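Each of the two complexes below includes chain A, the first together with chain B, the second together with chain C.
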Partner chain A sequence: MKNPAVALVIGILIGVGGLYFFLPYDPLARVERPAASTATAEDGERAVAGDTLRRVRQRGFIQCGVSQGLPGFSSPDERGRWSGIDADFCRALSGAIFGNPNQVRFRPLSAKDRFTALQSGEIDILSRNTTWTMSRDTQLGFNFVGVTYYDGQSFMVRKAAGIETTADLAGATICTETGTTTELNLADYFRGRRLSYRVLSFEKNDEAIVAYDRGRCDAYTTDASGLYAMRLKLADPDANAILSEIISKEPLGPAVRQGDPQWEDIARWTLNALLEAEELGITSENLDEMLESDNPRMKRLLGREGAYGSTVGLNNDWAANAIRAVGNYGEMFERNVGKNTPLGIARGQNALWTEGGLQYAAPVR
Partner chain B sequence: MSMGEGQNRRGRQGGKVPLGWNNPRVRSFVYQAAVLGTVIALVWFFTATAQENLSRLNISSGFGFLDTTAGFGIIQTLIPYTEQSSYGRAFLVGLLNTLVVAVIGIVLSVMLGFLIGVMRLSRNWLVAKIAAGYVEIMRNIPLLLHLFFWYFAVLRPLPGPAESLSPLPGVFLNNRGLILPEPVFGPASTAFFVAIAIALVGSVFLIRWARKQQVETGQLFPAWRVSAAMLILLPGLAWLVTGAPFELSFAEHAEFDFAGGMRLLPEFVALVLGLTLYTAGFIAEIVRAGILSVSKGQREAAAALGLKDSTVLRLVVIPQALRLIIPPLTSQILNLTKNSSLAVAIAYPDLVAVFAGTVLNQTGQAIEVIALTMAVYLTLSLITSLLMNWYNARVALKER
Partner chain C sequence: MGMEDITGRPAPRSKRLTPLVWAQRNLFSSVSNTILTLVSAYLLWLTIPPVLDFTIFSAVWTGTTREACLAPGAGMCWPFIWANIDQFIYGRYPPEEIWRVNLTFALGAAVIIPMLIPGLPARRLNLVFLLIVYPLVAIVLLAGDRPGLRPVPTSEWGGLLVTLVVAVTGIVASLPLGVLLALGRRSNMPAIRMLCIIFIEFWRGVPLITVLFMASVMLPLFLPEGMNPDNLLRVLVGVALFSSAYMAEVIRGGLQAIPAGQYEAARALGLTYWQAMGQVVLPQALRHVIPGIVNTFIGLFKDTTLVLIVGIFDLLGQVRAQLSDPNWTLPQGALTGYIFAALVFWAFCFGMSRYSTFMERRLDTTRER
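This part shows the complex of A and B:
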């Protein structure tokens, strides 16, 4: 054949045409849409407002992304029951949507996989001690709904090493977990002070903490709350101290996918309701008495007045159900990380604004 | 396309067939083009769909992030790298760390594998059983467990930096690694390196000449020994004439650790150890199979000619065994390279740990990062295969 190009063109046409013919829908139309109508994400197929809630209701449970085991935030016990602030937040959400706290399935995720899991729709909400940062909020395609725990990065060191402040850590080897803001904060902090350091990044914090325990590194760094939790895993917890200095702001909070404002509102206002409940003195125990209260703020929150639940597609007793599920924010905190738990963390910044802390919820009205 | 060429030859032999569906060449061309077109269309379709979904979800895409400042530290860097370097630079650092582990692991595991494989065929009962035990234990334990075991086995006996062992002056061993003095090359080093290069080139020519001489006249010339002497004497002479080519920069005690010097990390040692011991178990079996495939008659014939045992192995058995050893050995080498990606479990900063781990998490651009990482492993594997196939063609049986 003198001109194989003709056969080549015919063949490619047959191939492409055949493929096009057998496709269930039209790929050309899908590809051209974003160019034609920019940034109107609402008309996409999957990101319609209300869609997440509809799918959650159809499925009958919330897919909740949590950590692989961080005591106080999300960790499974020997019977596989999850506990912790992050796990409880998903239960509160289940309470608000379904009226009971148990319609949640927990999906343990590594720090590395968590964002992909949320982006791909594998989970409905990421409640996994995740720091709210601008790049995560703007570039990864999801929105943070609030702050469940104000944290900050610190260091755990051996008491025998005589390290008092972070400045004493110049030249030290520091163990951490890969794929977290921790690595960046560490670099920023030491670079800003012109101190040298070496960083060892492990895939899982289990190996990182063993390496620290064996003396491979001089310090172990993560969020202060995580340090208290990890210290419990050491051979001799009392031989280790956590530095009081905090080198970064780590507002930890739940995140949802962009493009479904209703679902985002449900998550945001469930968190606000838990905080508002603490401010008003509503607990899981006195909830039934409070339902009879004449206080207009309480009446609005608990659904006796106005129709705030229906504006986000829920029943009007959504907040009451969320509080019944896990208690108010203060109860959730004390039960999981507070003074009477092995972690023994004081409220500090996580106290309500009325008590000198940072937790401040927008009002339900 | 080779099928098309085959058809082509037959078509010409059978005279001119008119262009059309009955022409086998046209037919095969259309089929192949159809498959190619389908593949291209599929790739384009996937790319376009991914791009559309990413822009709909407001997720950034593209490779622009490679120029952005990385902002994180890496504990082992073979090229200059600081926190201000770009993600692209971090990618190179990770790539080089992967390569150095792979190359050292391959060399060591092939050497150890050959040794164990030959040992397993030893007439000495104890030696053979030790080799058999090694193979069965090492290759039947999952690699990840190997890595954890060796990492913590390496760490456990080593003292902290304050109680460092110092076997030689300037050499320190502790749980932060093996710290060696670093050679700093001065201006006098040029003559030194030129001398080494001359000695190397000279050795190659000498060995070739000696081999030719032996084939033509039967005279043996101790080329290897002369070459070794040349490699020591020539640079030594340069050293004497121009002065020391480098100065040793010793590590100094610092607050926690040592500063300066060269350093072999425990993570690196554990990774190389785990990969080597694991892969050597497989290579030993391949070598044993290769040697057993050489018929006994060959060995006996060589012995009848009066050759020494070692000479028989080197000149008769191994060259024939290699034909069988090389292809499966290639797979093991590829496996070792790919298995090195488990490094992140023990905090060795390889490509997967640095790029598909930290960079992926900082940028969130999973598709680009994973695609680039896959492309790197694919390229490494293809290059390895190419080299091994070339070598295989050289050692293959030449039928005369």
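This part shows the complex of A and C:
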């Protein structure tokens, strides 16, 4: 070519054209599946029961929507492996369906994207610290399958300040984030009790916690699970306490699309199975012994009696496989947020009903 | 009038620049300069020692867990960086496939470095390879849609890999598109001129965040059913168009500086429009605006961090995600992560800036600036 400018322009055009043409080629093949599912999700009448399970089996993995990083619930570790209660729930689901915990792909979603992703079929299940509320359940076209973690708003205070209950917070300055329900709950609670308070709001929780650490406010408030995570960011975590009082209800749980009762049942009963296993004392370690047990409840749960798995299109050892994948609910809790983790959260409301908590599973029978 | 013999004289006294003399001349030459010097020194004293202390002297360099960084007064937590370095570079790319990313990086370096060194032979061949062969090879290697390679969806790409893919695509696409747009805007043909003006003013008038949102949220709604281009690709196209509008205006600035006589003379010699532009006008115009071009490149490189809002994890996004790992939650975690990200970005941007200075000097053989 005589003319370098022409050669350059042509070369670049071909290069850019090639980029545009070639890149979608492969990704397109993968996005086609969600596209197909969008069609079914929108077609109300045609959203057949069993559709999601069939597609998940065909694809070979579950698309699991998680957070972009919330300690103890879903966060990537050094090897990029997702850990946390929410991530583990998807592994349990993979265990129940495929017999091993690894057939899951995690899709990190922002608070804004999460509902669209579930509606459009990009993900099969949203396991992302999402509060179960009526409007989400009824208007957004989702069904929540249970509660994996009973959360609620609480306060972190300095131990030296001698604040024991929320009543002691009268006149206190409280740090929080702007534009969240946290701020609204705070107003509801304090006005309801005619307590005076001052709010110091920040755009990001990292700024709020720094302000609290520097003594600009007397208390920091957010959901209790978040308080434990934020406490790790303080210069001296042990000098700070989290009040046991909870001022709002935040039941966090996985959600699925409406219109596929079978898939919803699979998710709901996987959660129930993990809770039931804890109640019966079945752990990932003693599972093989328990398989031999004569206890009829265990036999039903573990698929030695009856054919409960087949009622939702799974094998009868579905629950045993889910437990093998992540352990029972208690194991999952302790591994991710429990006493021996950096978060160190006590079971509290999340203890089984037999231990004075709220976790209560419907029986498998 | 005769020449005086100076060999017998003593040497002239201290015209040599001792540090003291230098300081007196440059720092304390007048009262106002002395005040400025003292104030600056005080500001430096306030800022530099704490930064050095945090990043180097009280930083934690060794260890494998967060406990290593929990000592009171501990500074930057380097073990957090080392432990997560794979995440920062490759994101969620499957660990057993990382060699493909490395190979892509190595190939890219092997192509780009000879391009950057002036005077090496076969540059045209190299350019063709860089612009046509390399992108295709890189796409196949990274996405892996050919037999024998495991497909890796772009949703699993992350970290520095995504930052570089977005930045390099933006840079490589925006320069030629910018040249065409700039020429189009100065064209005599009204239709082309209007189209270019509309294009440039539209893309310059909207914020990049809006472009990214439109590309990832709105675009799928306009496209026919079943056509669902990859999220990263949509972002790449958006970034390329956005930066080409800026580039066009920078280059137009250079074109304005070339006297019309240059172009007229070239045409009078019998060159075609493209020859005149390519051989005479553009080489001069581009040389004038190297700082502006590199400015746009650097801005683009840093703007890549915005892709986080459409759910793509670039280097900064990946740093934030790793900060949420409870096994690495630290009081100084956020600061550590952001300083590390800043260092990486600075290294790339400073590299570009130095290279542009070098090119300016090299191309500018006639005038001293």
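Operating definition for what follows: the second predicted complex is superposed on the first by the 238 of 365 C-alpha atoms of A that agree within 3 Å, B and C clash if a C-alpha of one lies under 4 Å from a C-alpha of the other, contacts with A are read in each partner's own complex, and residues count from 1 in each chain.
We take it that a residue touches a chain if its C-beta (ideal position, glycine included) is under 8 Å from a C-beta of that chain, and two chains touch if they have at least 3 such contacts.
These numbers were taken from a predicted model, which means no experiment stands behind them.
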So, A:59: does it touch chain B (first), chain C (second), both, or neither? neither
Classify the contacts of A:171 with the two partner chains as first (chain B alone), second (chain C alone), both, or neither. first
Please indicate which partner A:197 is in contact with in the superposed arrangement: first for chain B, second for chain C, both, or neither. first
Quick one: classify A:141 as touching chain B (first), chain C (second), both or neither. first
On the A-aligned overlay, A:365 touches which partner chain: chain B = first, chain C = second, or both, or neither? neither
Overlap of chain C and chain B interfaces on chain A (superposed complexes): 4, 7-9, 11-16, 18-20, 27, 30-31, 34, 116
Would you mind writing out the residues of chain C in touch with chain A in their complex? 66, 72, 83-84, 86-87, 91-92, 95, 124, 127-128, 131-132, 135-136, 139-140, 143-145, 151, 153-155, 169, 172-173, 175-177, 179-180, 217, 225-226, 228-230, 232-233, 236-237, 240, 274-275, 277-279, 282, 309, 311, 313, 317, 320-331, 333-334
Chain A - residues contacting chain B, complex: 1, 4, 7-16, 18-20, 27, 30-31, 33-34, 41, 44, 47, 111-112, 115-116, 119, 135-136, 138-141, 161, 168, 170-173, 175, 178-180, 183-184, 186-188, 190-191, 196-204, 207-208, 210-211, 214-216, 218, 257-259
Per the touch rule, the chain B residues reaching chain A in their complex are 19, 23, 25-26, 29-42, 45, 48-49, 51-52, 54-60, 71-75, 83, 148, 152, 155-156, 160, 175-176, 254-257, 259, 266-267, 344-347, 349, 353, 357-358, 360-364, 366
Per the contact definition, I'd like the list of chain A residues that touch chain C in the complex. 3-9, 11-16, 18-20, 22-32, 34-35, 39, 67-72, 75-80, 83, 107-110, 113, 116, 206, 213, 229, 232-236, 337, 341-343
